[in-house]
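The following pair of complexes shares a single chain, chain A, combined with chain B in the former and chain C in the latter.
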Partner chain A sequence: MEAHNSQIEARQPHSRLPGFGGRDEKRVAKLLVAPGQLLLAFIVLFPAGVAIYIGFTGWSPTSGDDFWHAYRHWHWFDGYWEALTSVTFWEAMWRTVLITVVCVTVEAVLGFALAMLLVKNFRGRGLVTVFFLLPMMVVPAVSGFIFFMLYQVDGPVNGALSAILPGVVQIEWLQNANVAIWTVMTVDIWQWTPLMFLIFLSGLAALPEDQVNQARILGAGFWQQLRYLTLPMMKLIILIALIIRGLEAFKMFDPIYLLTRGGPGEATTNISIFLFDETSVATRWGYASSVAILVLIFVSIAGYWAIRPIERAQEETLEELAGAEARAAGAGPRIEEAIEAEAQI
Partner chain B sequence: MAEIRLEKLTKHFDEVRAVDGLDLVAEHGSFIALLGPSGCGKTTTMNMIAGLERPTAGEIYFDDFPVSGLGPEKRSVGFVFQNYAIFTHMTVYENLAFGLRMRKPRPPKDEIDREVRAVARTVGLSEQLERRVTRLSVNDLQKAALGRSMIVRPAIFLLDEPFSNLDASFRAYMRAELKRIQHEIGQTMVYVTHDQVEAMGMADRIAVMDRGQLQQYGTPDELYNRPENRFVANFIGSVLNNFLPVVPEASGAGVVVRVTGTGSKPIDVSDRKVPLAERAGAGLPLTLMVRPEKVRLVGPDADEALVRGSITAIEPLGATDVIHLRLDGADIRSVARPDAPLRVGDNVGIAFEAADVHLFDDETEHAIR
Partner chain C sequence: MRQRYGRRSAKSLLPGEELLEKPITRKQLVAGAGAGSLALLLAACGGGSDEAATTEAPPAETEAPPSETEAPPSETEAPPPSDEAPLKDGLAEGMYGGPVGWPGAERYQYPLDSQEGRAISTLRALRQDGKAPDKLIVQVQNFARPQFEQAFPKGAISHVALFEEETGIKIEFVETEPASEYPDNLQAAATKNGSFDLVTCAIEEMGDFAEAGLLRPLDDFVEKHQPQWLDPEWGYAGGEPFVTLFTKYKGSTYAVAADNDTQPYFYRSDLLESPEEQAAFADKYGRPLEFPLTWEDHDQVAEFFTRPNADVPLYGDVNTLAPFWGAVKWNERFVSAANPNLLYFNDDGSANVNNDAGVRAFAELLNSVKYHAPGSLEKDWFAQYQLMGSGNGFMGGAFSNQSKLVPGNPDLDTAGVGQYIKSDVTPGRVLDGALIRRPVIFFNISYGVNAFADPSRHEAAYLFLQWLGGARVYTWLTFNPGGYQDPFHVYTLSDPYTAQSYKPQPLGEFANIIPRTAPPITLKGGGAYRDSLSEELQKVLTNQQSPEQAAAALEKRWNKITEDQGVEIQVEAFKTLKEAYPTVVDTPGEQLPVTEVSTEIA
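Moving on, here comes the complex of A and B:
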């Protein structure tokens, strides 16, 4: 009994709410945060839940049933099976991956090169930097339309090429099935290289100058500095930039819709355009939902692999911080070591 | 080994003259300290020697070869930065091996390995080679930075305040280590510091700098005993120096100065060459400097007492005590043995030899000898 009392006394000072002890306090805390958590759950879970639900049905808004009654069209995994066995779906996936890999790679290389050029100080650097950032600030609908005009067969791009090259250049930028997908990529590269550039510029500017200078003094040339110092130190930033841009490019919609609507034929149909066609044109919402869930699963797996190196890099950073702390705390015993070492001389 | 020669070396940052017409020669295998307060241009000078900054004017010669057109990678210098600039994403081994791996053509693996282990032994990091540098103590970081520069056997070794982040005892240890290493490898070393004790203890010659200009270049002994100007006199010395205003007077054939204060006696300074006699006629003031170590305390009425004062504070430093004294016109300090029978409030006589007196022109601040 006595022991029990002392326990209560020991707890008393920690209780922040007078009148609520122990378990009661926890209950109050839970009640207080509940509304926020419910809202969050609603925002995240409700749409996902609806998508999963509809994904198991062959429901369409033109079927006469509202989506509550989609279960009347229940067919379990038929939608998923249809997607997995559909050539159109896999072609759209392949194009999506191609667009993502090419766009992100080109943007990263160009952005990095630009950042390397502009990280050094020179007259008018601010102005040049802003100039290179402009494409990013253009509304995608506008840039899409501009490029739509530029890439007409009798448009300015062919006009400019005709001026340089012999003969009249008449490339069918948007009409040729083999060319159109690359044309679409140029728009994304034009618009989003600046974002890469901006991220890399800030990363390069934050590199420890003394380490770079030390590497130069130790004889590292430009490429050696890049390979052994700049890239390893920028690893985390580069990974994050690639993931951000990768996810965006994977979902690319506006330039394709404005330039080719996924055509000619299906030559530029990526997964976004494919889903758009299934929902808006074919109104097969049940099928579109199954495809969307499938894509989500694929992206989640890819994302998991992409994020692992970031977590590892973060652990290293934490380790570094812990090391610095240990150094600050561990100075004491080392003094004695040093004194001993000195005494031996 | 190499001789470093700076000729009229100048660096301007916009309007600021960081380094202004610096002339300096560091001989083969010598140990030179660049000493001065922060902002005096010593680090900028180092950066120019290393090739990290381009001089605005003037030239740097390594063994009569002008180098200011060469990048840092072509100069064969070693540089230890104040914050060590250790490559944080590498292990200790990789840090040490870096300089060798950058060589074209890259030396064979076993040769690099041999060199890395040899250098690790020299600096005392053999046990830590496979560790990530983020796990090292500050003291070991310092050793790694030193080793990483040593491994490429640079002709010239530059160190920018390398010990300022270390705790006091380890600093003393590293000072001795560095002198030993320099003795072993015989490179020309240039060492930047704002700590005059460090400079005096390690360097063969010290260049004292202030506001981008060289104030004096000489051995520690010269700087201590024959300061060229008031700045050097003030900067060198472990206890705050004594500066007193005096007026020269004609006395028979010679010249004397008198410290203002009770019972003041003349000090004969006739041996100074500079036209003191003329100044004496005009009554132009001078500044007298005498180092606290040279000030003796005697009885207030003793013959040798040049002026009288009272003790205001006693600062025990262990081996010696610093005695703070109040004269009529000024505060001065003296160094006494801790067993001297002195108490705060005592009236004492203050004595020093005329030979220990340094006189400075108030206008130019130059020494009058």
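Moving on, here comes the complex of A and C:
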């Protein structure tokens, strides 16, 4: 294999494409992907560049200057410093982390449990699966409004609780500062547990059945199978699912905006609502850009640490594969010898 | 002028236009101007008929048009030709344009020497000179659009159809909605988007959009075309403070009003006037049951009518306390704390809220929660209408269209009590022997001219606004059931169609309410000031902080906003805002006369 790869690498610099006037293959490849890369660079780099530029200024669209004249309001790191010393910013960050951790954890546990329930085949399984996936298909704005209605003090949730509990239940789901943040989390959990469920269901369905059967024959119970077989084999999938949902939950906006607009007071203001308020209400686009860059830095660091386990898992998988290949390679001659001996007999 | 009439065929004329066969010479023009001036002078002295003033005077380019305001005549531009014939058949005598073909339509027709007539006439002239576009693109709130496009009453055409009929200019709408209008327009300002001619904005946003360069100053057009906003008959009901509030920022005109979100205080008259209730109240509090004049009285009345365990639960206070919507409730209690007003800022731009009045306003609102229905912190204005209609609410400040939308509406008037909804002036405080009552105003749609649109379209865009915002045309607009743009002209407050729509008592009372209206913060960053107030109020109402802490926090936040927006800019703008504060104060115990407006269509 290595020899083959080295042959390819050795051949590439000399490869010429007759259809492109005998030009170098690598050069042609670069030219062909260049427009796409340029577009991508424009889409990613231009806004990032503008955000970095504006982040060093106190520019606002109501200043009367165009954004490219934002340098007239240049103040270097004042915006960053203001954010780093702002209690409101850190409270918003804290709520964001809390929401992310709680929502993703609950979604992962529920999604995994549902996937375990539905991985076995049974009559009506397809229908039940689709049923569980439905919340994911609802437009977030719609689900936000639905839950806004459900969580009214005189709404259906309190109505249902009143039916089963003594007295009239009047929980202020959206008005109580201590309750509201948990309320908005339920919307995210309701909506995105199905995604976790879908990812985990696919992963579980792809697990090698023989190993599971072997473990069962050898007497492993459900929890032993789960702990020593299913979870280790699902590790990579679980990590990917957690990262995808973690990034999404970090950016949560719709349910909070629709249910509480970040209130009461600032009790449910996460970083997205904080940024929205700074741009769309306070019109401090310079400051908001500084905050956005700070958040990007934080998320990038967190993302780096989150991806490391995946890389390690990939390395482990590759090592296992390499080991299996080696074992197979070692076993090969012995098998050949056995075949030969049998033939002689 | 010569080209305009000389080169056009009769076919291309607009309705009501006449083809002049010969071009007008300079001599004729000067003579005409002199004759016109003489005719106007005679008319003004009572020596000539209206008809002479409006239909017989030849075109004059050197004299200002006859005006019903005190505004000085413009020397910079010619007035519209004053010999233009009526634009159509069916108009009342002396009228130049307006709706026809339905009972009472003549009330909304306009003579040539009116703000609407001048707008239409000038637009026609601009069109003939090729200086006006074929189409004006108007940004409009989605909820306001039907009022422009829906023909009402039976037999009428819509406003946009009439405008097109009289000027040949089409109106095309681009919709926005309350939640996205502000960011949309910020974006338009940042990108210099001139793809639409007229910008819709709330009065609290005027400062932002003016400073951003999105709104074009309209002073030159106002001087030239002389709208009658200050006219005692055709102007705004609140007089000069109201005109300042609705149209001005830093001393210049930037917008034309097309709404009035001043909040009357609605109450259930069947309960207030019930002999049993009056007797019970007198027994309990030792004084007669009346609509409250002060906030202290208000608390007693609210307490009295709070009956959560009744068969139909009743709550004494239905003022909305929801985020965003409820912030303005602090304003009415704060501003009424001094005679004639307690101002939001000091002259140096610093916030004037961390004081006894500011703390008291927070504390009173916190106390009022116990007179509210459960969940009041999440109930917006519409939920408030539902509460009143379902018979669960007794009183509260609301948009003036509560009396338009609730009575008889099967979706809102579910208890059939809408017919008993009446209004009064918001309670206040007695200071130095005077009763200070300050209703509040919130949101309020205005329109301005998009500075980034092609400058050659600006004048036409403004003239559309002058026409639309004229007392006669706007009155016809406001009673249209299709939308939410509420009345504010003197003329509208005695209009029978509007009385049918808004009900006679609330419409008559509105004339008392408007001149007492406290302004919101219309400085640059108005939304930021309002939202920080809303957040601090919410923290008080949910017991996250005390009223004292809220006042201190609000002072800090408002000072920070002022600093961010630029102290000098804010100080200058505040001078204009101060002119928007009302000066009307009352005598305690003195009943304000309420005009019962007739609903009879003559």
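Odds and ends about this structure:
Going forward, the second predicted complex is superposed on the first by the 283 of 345 C-alpha atoms of A that agree within 3 Å, B and C clash if a C-alpha of one lies under 4 Å from a C-alpha of the other, contacts with A are read in each partner's own complex, and residues count from 1 in each chain.
As a convention for this text, a residue touches a chain if its C-beta (ideal position, glycine included) is under 8 Å from a C-beta of that chain, and two chains touch if they have at least 3 such contacts.
All values reported here derive from a predicted model rather than from experimental measurement.
When both complexes are overlaid on chain A, the residue A:A282 reaches chain C alone and has no touch with chain B. In the superposition on chain A, A:A220 contacts chain B only, with no contact to chain C. Of the two partner chains, chain B is the only one touched by A:Q211; chain C is not.
In the superposition on chain A, A:V299 makes contact with neither chain B nor chain C. By the document's definition of touching, of the two partners only chain B reaches A:L229; chain C does not.
With both structures placed on the common chain, the touch criterion links A:V119 to neither chain B nor chain C. Legend: residue contacts after superposition of the two complexes on their common chain; A:L242 is shown touching neither chain B nor chain C.
No residue of chain A is contacted both by chain B in one complex and by chain C in the other. Listing the residues of chain C that touch chain A in their complex gives 182-183, 186-187, 189-190, 192, 207-209, 211-213, 323-324, 373-375, 377-378, 524-525, 527-528, 531, 535-536, 538-539, 541-545, 561, 564-565.
Those residues of chain A lying in contact with chain B across their complex are 208, 210-211, 213-221, 224, 228-229, 232-233, 235, 316, 319-320, 323-324, 326-327, 330-331, 334-335, 338-339, 341-342, 345. Remark: chain A residues 58, 60-64, 66-67, 152-154, 170, 172, 174-177, 260-261, 263-267, 277, 279-284 touch chain C in the complex.
Of all the residues in chain B, the ones that touch chain A in their complex are 50-52, 71-73, 75, 77-79, 81, 83, 85-89, 98-99, 101-103, 132, 134-139, 148-149, 152, 167, 169-170, 172-173, 176.
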